[in-house]
Each structure stands twice: as structure tokens, then as C-alpha cells.
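Labels run A, B, C and D following the written order; every chain starts at residue 1.
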Amino acid sequence: MTNTQVTLIQIDNYGPWTVTPEPRREVDLQTLQSRLYADLSQLFGNREGYVFFTRFDNMIAVTNGLDADAHALIQESVGNRYPVTVSLGVEADASPAAALGRATTHLQDAGSAQDAARTEILSGAPLAEEDRADDDVQIAHFDVNDATGKYTDQLNEFDSFIRIEQGYASLMRYMREAHDALSFFVGGDNVIAVCPAMDEADYRDAIDHVRDEVSVELKVGVGRSRNAQGAGMDAKHALETCRHDNTDVEFR
Amino acid sequence: MTNTQVTLIQIDNYGPWTVTPEPRREVDLQTLQSRLYADLSQLFGNREGYVFFTRFDNMIAVTNGLDADAHALIQESVGNRYPVTVSLGVEADASPAAALGRATTHLQDAGSAQDAARTEILSGAPLAEEDRADDDVQIAHFDVNDATGKYTDQLNEFDSFIRIEQGYASLMRYMREAHDALSFFVGGDNVIAVCPAMDEADYRDAIDHVRDEVSVELKVGVGRSRNAQGAGMDAKHALETCRHDNTDVEFR
Amino acid sequence: MTNTQVTLIQIDNYGPWTVTPEPRREVDLQTLQSRLYADLSQLFGNREGYVFFTRFDNMIAVTNGLDADAHALIQESVGNRYPVTVSLGVEADASPAAALGRATTHLQDAGSAQDAARTEILSGAPLAEEDRADDDVQIAHFDVNDATGKYTDQLNEFDSFIRIEQGYASLMRYMREAHDALSFFVGGDNVIAVCPAMDEADYRDAIDHVRDEVSVELKVGVGRSRNAQGAGMDAKHALETCRHDNTDVEFR
Amino acid sequence: MTNTQVTLIQIDNYGPWTVTPEPRREVDLQTLQSRLYADLSQLFGNREGYVFFTRFDNMIAVTNGLDADAHALIQESVGNRYPVTVSLGVEADASPAAALGRATTHLQDAGSAQDAARTEILSGAPLAEEDRADDDVQIAHFDVNDATGKYTDQLNEFDSFIRIEQGYASLMRYMREAHDALSFFVGGDNVIAVCPAMDEADYRDAIDHVRDEVSVELKVGVGRSRNAQGAGMDAKHALETCRHDNTDVEFR
């Protein structure tokens, strides 16, 4: 069984901030959101975690290896460098969705995302060192077969984008409903999913489902490790094996 | 009629670069992609343009006001500061999708997105100053009604995210098929669309379609101006009017 | 005669902010300061200006080509993305130091750098377009002869640094006292000076002074143009001519 | 006795890169240098280290707590996100200057700073965990008495800057020659020094020297800890004590 530690990162009171006293320039909001995400990617990534941009005002991270102090330091660092602050909820579970659910509840219990009085919450239960194991995290890295040949070099970019989005939307729903897995588009034609202990047949079913539903062809590499960085890098290497051996599902 | 100038920004040879000589750390790729987007947001945004992150290796911008020299400077600046380079295709048309299509074709004609020999293409036809008008760009800014109350403060973050994604996917397909409009998720519960000259009834139809197809309730503010910044800021203000007056569609 | 437009950029109330409620982490302050400088470098640089980091809480820019609106947009953009705001004073003069003096006075008249009530001042007189000329800005780019061979590859880094610092300190005082010029260390072994209309003999005297005072050998390339970017790039090319022709002073 | 672990960070082949094939835009070089420094500040800072920008192409860090693996990860991360790479030399000694000297020698032995074939060196001897102690690092945080009242609110910014620079230059030379300490200007009117085990009388002598040589009045807070972050934060708090109690030298 996996034991995924998930952290929900939520910018405090962001909606109101973006329009107070007047609506702020969109290009500046995009710059702020993207750079905050990039910084969090480094802050968690330097401790073997992974962060996904999700909705930018709400981001999801896999944080096996980060304790409460590490979370507090990240929260403090953001407060020192941005005009906004973040609240963090942390929980672990064999089911990634269940972990996220409890992490989210910590923040919801403390107050609304648009409650100006609710700031810099840090709540939840990171895994104690002695409760961690070498197979806690399973990461699957999907990409679209020959996206460059079929889409990028053929269609106008928005139509390529629509097809990738449809593939992602189909995969994300299926993985959530069938396995409690959390799937994230990470750019290009790539989707990274945070999974419970799924096997090869489970991944073949997911790939078949997406092909049947939206006619998008996927392949996937899967890794299992103590933390997101380890599992994620193994998944990347497994995906390279798919490319070289012309297979659809590879584990490493 | 609108006259939307669209620029396609494509990172040269990115797929191969991310796995050569070995797959690179995901957190570093995410940091690079996000920061490149943030920089482009500022580079184009400082000249009244808007950039949308789209797939990160391919980004779409509305660039009324930027001539060939401005595009060249942006391309040079990226080459000076990143380990990758970008190719740019630029075209204008009353139909945003048609403009994007021709812009994309410029790059495809020059070579594949994964052709190591195709770098820093700068091709296309920015609008001459004398061909520009005060109503060239129409921007629509959608958001989900009471997303915070219905989703963010109620569901686990991934389930909130799925609902926002479904709303976006439905809107993006409809707007593309019915109006040649290009719609982009920009974080939170917000979607910004680059539109031809659509009227109030057109927007009501779009909102009805999304409600009927995926049960997500949208409202929209619309702006029209000489460039993306002007139209986009008007759209934001119009959206504020929707919030205050409890309406679904407002023009400014 | 030159006509240098100088902008003083001062972070509002920074000293108190760095220690309220408690002293903030130094690494975060360094990150914030450096990134604010990098952003201002791009914001002014995209309009042909140059920015020098100076003391980081106070920065000096050469802004020929930026009007009041451009300054206001830059100020707004910083306020949207940072936990601090900036005040800007702008003036032009044949003497760079005199321009800076009047620019500084605008801010001092409005209130102290540590007055919490004084924020986002925008004051002064940018050059009107009709008052600009093609020789308004003179930039000199100095570097140390064979710094790599003499220092970097020989001494421990701090001792290399001390020698470069001494050369800079000597040059900055001389250029200020003799010519009202403003000189800035820009990294490596490079110093960029913003000068009035100085001739070849003036630069030879400066080089002789530094050699005599601190035994550091300099060479210099000089450019003259409508704005900082033009003059600065010419100065870089002139410095390359020094390297190739083994000369000490070159104009372009 | 202190046991300062010092890392020299040197950008590989930077001088040639900045002018190949042609001189690159200065504003882009400034942006790249500043952002690289900001990223290194976070990368080392997240592991309790401190980084000083020094000459930007050569930077000095205090890295007690970072082992060889941490250095390798930082080096890899830079290579993934920048158009340049860095070489790192690491050594520890009771004398900060001696540690830096040996760290520098590692890089010089491997090749010139402008040798295109010398890249991503990682060399030296980080402290083994069992050789570390709670008083390994001593940090002194100096600032100028009433810089705002005497300089910033009175003089033009360059003249304020000259006085701060003179104070820094005097202090840096004295501290290096008398104590093997390494002093760095960190913005505003602040200087942070990495010291061996100096006592109150040593600091009073340094302050007297600077007052006598250049008429700049300093005060200082001093901290001692296992790593730079701990010692540096104690030094900041000690400096606050100086402010409140109107004293010149405080230890914490």
C-alpha cells in the first residue's frame, strides 16, 4: 500500500485581493501566480517533493519527507517575498484523494478561502519518520503518443491544445473515480498522476478508457519510491523505456 | 469586426531537450516553464499584450500593438536568459482561430517543433499601425458563480478542480466551434476568451450551453479596445458590474 | 552636451519593514531585493533604459525614452507583485549627478525613506519628446585589464574581490568629483558609468588616476546615443575594439 | 574556534559567453545575474546557508550543513534552468579566508574561469556531520548609524552611496587583514561579515578604524551558531538590541 502525504497550498483571501481597491492588471496576476508556483516547486522540490499548479490559487503537493518545520519555513518564506500569504493543510493516506480531502478540511474548518481573517494556517499530520517506507509514493507519468507528429506539427495550436485537454479531462476523471488518484497536466502533452498501488492492468484500463472516450492515445511510465522525486524520476525513465521499446505501460 | 493579432510562441526542440542526456528533474522543468511564462507575460504585457500559458511549451498571445521589432527583442531577451530559445509566428484576422492557424503554419512550414535545426523563427505579418482600430480586440472574462461557496469551501480541492476543469473544457470547445474564439483558464475559477465581435445573445448562449452540458454556472464581463490590455481591463470591470448587480452578462 | 534623464527608485519604508514584526530571514530579503532589481531591469530595459542596483533599497536608472505614464505603469506593476512599493523621482540634466540630485529631492520633499505614510510618490519632469536628441546619453563601459589572469585564476576570490572593489571605489569617486558622472559596478570586473560629454583625454586621465591611486589597470569603451540601451551597446562594442586592438580608450 | 565551511560558486566561462557571438544586452545580463543569485540564495538558504552576491560571476557562500550531495543537486538545478553552469569548491577552516582560499584553489587547479572545457567542477571537503559543532559559525551584522537621517534623506542618492561604499571598503579591508574575516555589502546600509572567533574588543577596534579612516559610524550585532542562518538571525536580533539600547556592539 502507498502512503501518500499530500499538502494543499491555498493563497489566503486571493479573490478579493485581486480586485481591491480596483481590478489588478491581468499580466501582473499571471506573473505573480506563475512565479509563486515556480518558487513553491523549488521549495518543496528541494526536499524531494512535487508541486502541481492546479488552479494557482490552490495548489496540490506530494510532500513525503517534509515535516511541520519544513512546511512552516516555506510558509514564512512566501510571506517574506510576496504580497499574499498561504495556508497549508497536510495529511497522509493510502488513498491520495482521501489524504487531500482531510488536508482540505483543515483549511475549510479554519475559515473560508475568502475570509480576510483566516491567514497562514498550518494544520495537519505529516508522517513521522518512523512511519515512512520505501514504497510510500507511486507516480505515473503519461504522455500522448506522437503528439508532435499528430497535433503540434499539423493543427493550429489551439486545436492541438483542445485534443490534449480532452485527453487530460478524460484521464483525470477516470483516475479519480476508479482509483482515487490525482492527475495533473504539467505542460506539453504530459500528465503526472499521484496514485495508490495500481498495477499494470489498472493502467491498461485507464489508457483504454481514454482511447475509447476521446480517441487520444496514451502511454505511461510508473515509479514507486519513498518520496515524489524518487518515484517521479523512476516514472520518467520508465516512460523512456516505453518510447524505446514501443510499449504502452512500463514499471521501474 | 475585430482584428485580433495573435502570436504563437513555441519553445524550440523542447521535448528532446527535457530528456537529454537524461530526463531532467521535474521540479526544475516546472520552474523553468512557469518563469518563462511569467517573463513573457511581462515582456508582452508591457506593450499592452496578453499571454496565456496554454501548454507551456506552446503559448498563445494577443499582440495588437507589437510590431516585428518588439517580437525580435522579446525573442532575443529569452535567448539571453534561458537554456532554450523560442520561435514566434504572428498573424491578424477578424477570427482569432484563423489568425492563430496562420501563425502556427509559419512555424510548421519552417520545421518541426522537435527539429533541432529549427530555431528562433520569426515569421508573419504584424498589423501595420495604419491598419489598427480602436475596436480590434474583444476580450471576455468569465468566472464561475460562487465558486468559493459551492466548491472551494465545500469539496476537497481536486473535486473543486474537476468541476472547474469541466466548465472550462465545455466552454472552450463551444466557443471554438461556434465562434472561432480562443478560451484560456487563467487560475482560480477564471477563464479569459479572445473573441470575434460577439453580442450579448451569443454570450448568453455560451453560458446556457455550459450549464446544460456540465451544470457549471458562469457569468461574463466583456471589453472591446485597441489592444488586449485595454479590452481585458474593461472586461474585468464589466465582471465586477455582474457581481454588484447580480447579472450574467455585462459589456463595458 | 548630454541630457541624461535619471530616475531614483526608492523602496518605501523598507528598513522598518525588514524588521517588523521581527527581523526577516536574510536569504529571503536577498531574494526579494535581487528579483525586484531584475524585474526593474526588464521593465526599464524594455523601454531602452538601464537600471543599476546601487544599494538595492535605492536604485538609479537612466530613463531617456520613458515618460510619466511609463513610470506609473512600472510603479503599479511592482505594487501588484511585491510586498513593498516604490517611489520614483525623475529629472534630466547635462550633468548626471545634478539630474539625480533633483530627482532625489523630489522624494525627500515628499517625506523620509522611513516614513510609513510616504508611499508611491511619482514626481519630476521626464523629457518631452521634442526636447530629446540623438546624443543625449553617454555611457562608458570599463573593465579591468586581464582580471582573469591577474586575479581570478591566481588569488582567493575575496582578495580578487578586494582589488576589483578598490578599483571601483577609486573610479567612482574620481568620476563623480571631476565630471559629475555616476559609476556603477555591474558584476565581474565591469563598471558602467553614466557620463556628461567627456572626451578621450578625460577618460585617459581617469584611467591614470585609478592606476596611480590603487594600481588597478582599466580600459574603456564609450558610446553616445538617444538612450541608455543605444549608448550602452555602443560602449560594449567599443570595449571589444579595445580588446582586439590592445588599446585603452575607444569611442563608437 | 569557529569552523566555517565556505563554498565558492563560479559561473563557468562567463566572460566569453557574455560577448559571444556578439555582446549581449546589458539589461538581460543584469537580470540573469540577479536571478541566479536569488535562486542560489534560496537553494543554499533552504539548507541554513547564506550566499553573498560578491561579483555575481563569482559568489561566496557559508555552507555549514550542506554536504556533497546537496552541492551536487544545486549545481544540477542551475544547469537545468540557466544558459550557464556553475563550478563549486568547498572547504572548512577556523579562518574564513583560509577556507575560501582552499575552495578557490580547487577551481583554479581544475582550469581557468574562462576555459570553455572546464565546467561543473564539484570539488573539496564539506564537513562530516560528526565534525560539526554548535559554535562553528560567527556572523556579524553591521549597519551605519542613522544612515537615513544623515544620508538618504539629505544627500543625492549617489553621494549617499559613495559614503556607504567608503564605509564598506574600509571595513572589508580591515576585517580581512586583521582577522581573516570576509565582509559583504548586502544592501541599504548593511554589511554582513563571516568571522573567526572575535570578541567585543575586536569589534570595537574595527568600528574605531572605520570611523577614523572614513568618518562613517557603525554599530554591530554578533551571533554564533551551528550554521549561517542561526548565527545570522542571532546577529540581526543583537543589532536590534543595539538600536534599542543605543549601544555599538552586542552579542547574542
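What we mean here is this: a residue touches a chain if its C-beta (ideal position, glycine included) is under 8 Å from a C-beta of that chain, and two chains touch if they have at least 3 such contacts.
Bear in mind that the values here come from a model prediction, so they are computed numbers and not experimental data.
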Homomeric contact subunit A-subunit B: same or different residue positions, threshold half: same
Cα-superposition angle relating the copies subunit D and subunit A, to nearest 5°: 180
Where subunit A and subunit D are represented by their mean Cα positions, the distance between them in whole Å: 36
Whole-Å separation of chain centres (CA-atom averages), subunit C against subunit D: 22
Whole-Å gap between the CA centroids of subunit A and subunit C: 43
Per-residue overlap in subunit C, given as positions that touch at least 2 other chains: 25, 28-29, 31, 35, 42, 46, 77
Residues on subunit B engaged by subunit C in the complex (per definition of touch): 39, 42-43, 46-47, 73, 77
Subunit C contact footprint on subunit A (complex, rising order): 24-25, 28-29, 31-32, 35, 76-77, 79-83
Touching residues on subunit A, where the partner in the complex is subunit B: 8, 10, 14-15, 19, 23, 25-31, 33-35, 37-38, 41-42, 44-46, 49-51, 53-58, 60, 97, 100-101, 103-105, 108, 112-114, 148, 152-162, 164-166, 169, 172-173, 176, 182, 186-189, 192, 229, 232-233, 236-237, 239-240
